[in-house]
Amino acid sequence: MFSEIIKNVKNNTPLVHNITNYVTVNDCANILLACGGSPIMADDIEEVEEITSICSALVINIGTLNSRTVESMLKAGKKANELNIPVILDPVGAGASKLRTDTTFRLLDEIKFAVIRGNMSEIKTVGKADTSGTRGVDANVSDSITEENIHEAVKYISSLSEKLSAVVIVTGAIDVVSDGAKTYAIRNGHPMMSKISGTGCMLTSVIGAYCGANKDDIIDAAAAAVCAVGLCGELAYEKMRKNDDGTSLLRSHLIDFMSKIDDEMLKEGAKVEVRQ
Amino acid sequence: MFSEIIKNVKNNTPLVHNITNYVTVNDCANILLACGGSPIMADDIEEVEEITSICSALVINIGTLNSRTVESMLKAGKKANELNIPVILDPVGAGASKLRTDTTFRLLDEIKFAVIRGNMSEIKTVGKADTSGTRGVDANVSDSITEENIHEAVKYISSLSEKLSAVVIVTGAIDVVSDGAKTYAIRNGHPMMSKISGTGCMLTSVIGAYCGANKDDIIDAAAAAVCAVGLCGELAYEKMRKNDDGTSLLRSHLIDFMSKIDDEMLKEGAKVEVRQ
Amino acid sequence: MFSEIIKNVKNNTPLVHNITNYVTVNDCANILLACGGSPIMADDIEEVEEITSICSALVINIGTLNSRTVESMLKAGKKANELNIPVILDPVGAGASKLRTDTTFRLLDEIKFAVIRGNMSEIKTVGKADTSGTRGVDANVSDSITEENIHEAVKYISSLSEKLSAVVIVTGAIDVVSDGAKTYAIRNGHPMMSKISGTGCMLTSVIGAYCGANKDDIIDAAAAAVCAVGLCGELAYEKMRKNDDGTSLLRSHLIDFMSKIDDEMLKEGAKVEVRQ
């Protein structure tokens, strides 16, 4: 299904500029290399434009934002927009503090994102932003997507995608990826992945690599990344159980499988449903 | 012995706000998840009060302090005090530079800590602080606690606990945990743990989770955390030897065991002595 | 060959001050402990001089430089020069942005480095710096050193070493280590190491430890570090293949082998050629 997507990543080694948090930054760097991309981290305002300019994608993750790095995010994002480089947003903790919510709104206002990925709570905060003449709204959807409420979730995410002209991704027990026109429900992954710090951040960086190498098919690139990371999580969980390891090696196995994943494995393991 | 403590951690998933160093922050996040808690890292002065307010505990670790983050530590710590949220201090490198020593003194002066954990050299620096009308003192105790000098060490730590109205923990070959009234000597752990960066920081974060879920029994929560991390270190060392691994996988195994530890394992493995 | 070098590291536990990036800093800390050294990370301008003063070596790595930390690098570097403590430079990304190039030039201008390590592209940027009355030059050598062009590479690196009065190291498929008078070509390592974030940074920190414990033989200390890390990479690759692991555990195995390496292993495994 995503065979072309994967091929483009392996062939192009997309360089991804990450302005991200200092908690999971090493995992992001390593999973980018593992998936066939290449990472560069730079957050000084004097250099972010230049660094973005040589990259295939820009990932903005507000996990440990501060007043200095927020300005760098804005500058890099605008430059990326200018150069038509896809920008991916991970609004970590949006809703948990005024600073995170306001920063998310400001980023959404000043930068055009290709993809926005978060959990449902973060995405609902994204949905409250006033953008280009449209009022933000309070969403009345559950924070966790289940088989029971997936219809409502898809409806909400799809309409938000349309409003923001961005692929919106909500990850959880079921992942939903939508660009408004097309929506995927993805059932890869394992609950134990929530016991590793940084699975969300790593996914966002991998989305950066996949989109960077597939600029003309952002929705499928993003969906392929969600499947790939989820599948690696499943395989990692199996290996963890077999070896009687715990959550630290679960993370290692996840990145390890990402360094091995190919077209064939993804074709066999992807659990993707086209919703609309 | 610590059965209730462990149960409360597992049942409450305490959210722990860490203002910590960028060297071992990822290990702290992962061991918090592994032990049954949940991590949040935030250090911008605009948001630390809000983040602390939604947490069960606040951990302040000065490992890579700078002028910006010190102000955030103070603001978060005062807020935590206001809200009766336990604050844990890890005075990394106190005594090694004027900045670290002065910052430690300032934190002790402006914040009421529930627990302070360091090696003997750091804790002796803590002991020199003038606090609430009491003069700091130079301590004449050895930097490493052995069976020969444990009596003196316990005496010093216990009186410092009383003076600071905080649980004071000195970790080393033997760990001592005291609140002045009650003192534990704990003989878990393995010397090889000193070959991993961040065992101290990880312990401090786990203490945060354990205390956050057991606010009415800080001394036992802290002691249980010391036992648990030490025991995981022992088990990790055995696994490392069996697999012919080295120090990097020793760290992975340590976090792995933390993700498996339960009441039963701790009951069997804890080497705790009540000294007074 | 490097038996004395290794012995001195194990016997002296050199403390290494790292002002480095937040991406690979944890790996640097852990490999320093693994190799027999001890890490300290500190970047606030108020304390860097004091911290450098208690160390055996200072490592400056510009991987995620910012305006605040650049000033700290300069201050620490000058103090180290004053105290005759070897300073090691890793000009990560020099050439990729004006900030990185200018900072590299400024560091070279104000600090005397004992060792400078980078890939060929970074070192060619280093070579463009105007230093002490000598004009920088554009080098016409290939970015990757092969058996075909090694003669040219050695000539360039050796003359640059002389010009800068520093050991210059270019790592790649073949590594070249030169102080102008003596030049080593080292063929340890494995291509898969480029799929781990931080192998270069880790090597630079290990060079810090080796030089810190061998101040009178910087060229051999640096060469021994290059051999040791390369050899650990080879052994790690074999273990990865045997266990069917991927790139995350490749990193773990690399650090694991560093925690085991000794005189005997290095004697057997080093692939060193004296070029001149």
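Order of writing sets the labels: A, B and C. Residues in every chain begin at 1.
Just so we're on the same page, a residue touches a chain if its C-beta (ideal position, glycine included) is under 8 Å from a C-beta of that chain, and two chains touch if they have at least 3 such contacts.
Nothing here was measured: the structure is a model prediction, and the numbers come from that model.
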| item | value |
| --- | --- |
| Interface numbering overlap (same over half, different under half) for subunit B and subunit C | different |
| Rigid-body rotation angle, subunit B and subunit A, from Cα fit (steps of 5°) | 120 |
| Between subunit C and subunit B, distance of the C-alpha-averaged centres to the nearest whole Å | 34 |
| Where subunit B touches two or more other chains at once, by residue number | 22, 26, 251-252 |
| Of subunit A, residues touching subunit C in the complex | 22, 25-26, 29-30, 32-34, 39-44, 46-47, 50-51, 54, 68, 251-260 |
| Footprint of subunit C on subunit B - complex, ascending | 21-24, 26-27, 63-67, 93, 96-100, 194-198, 245-249, 251-252 |
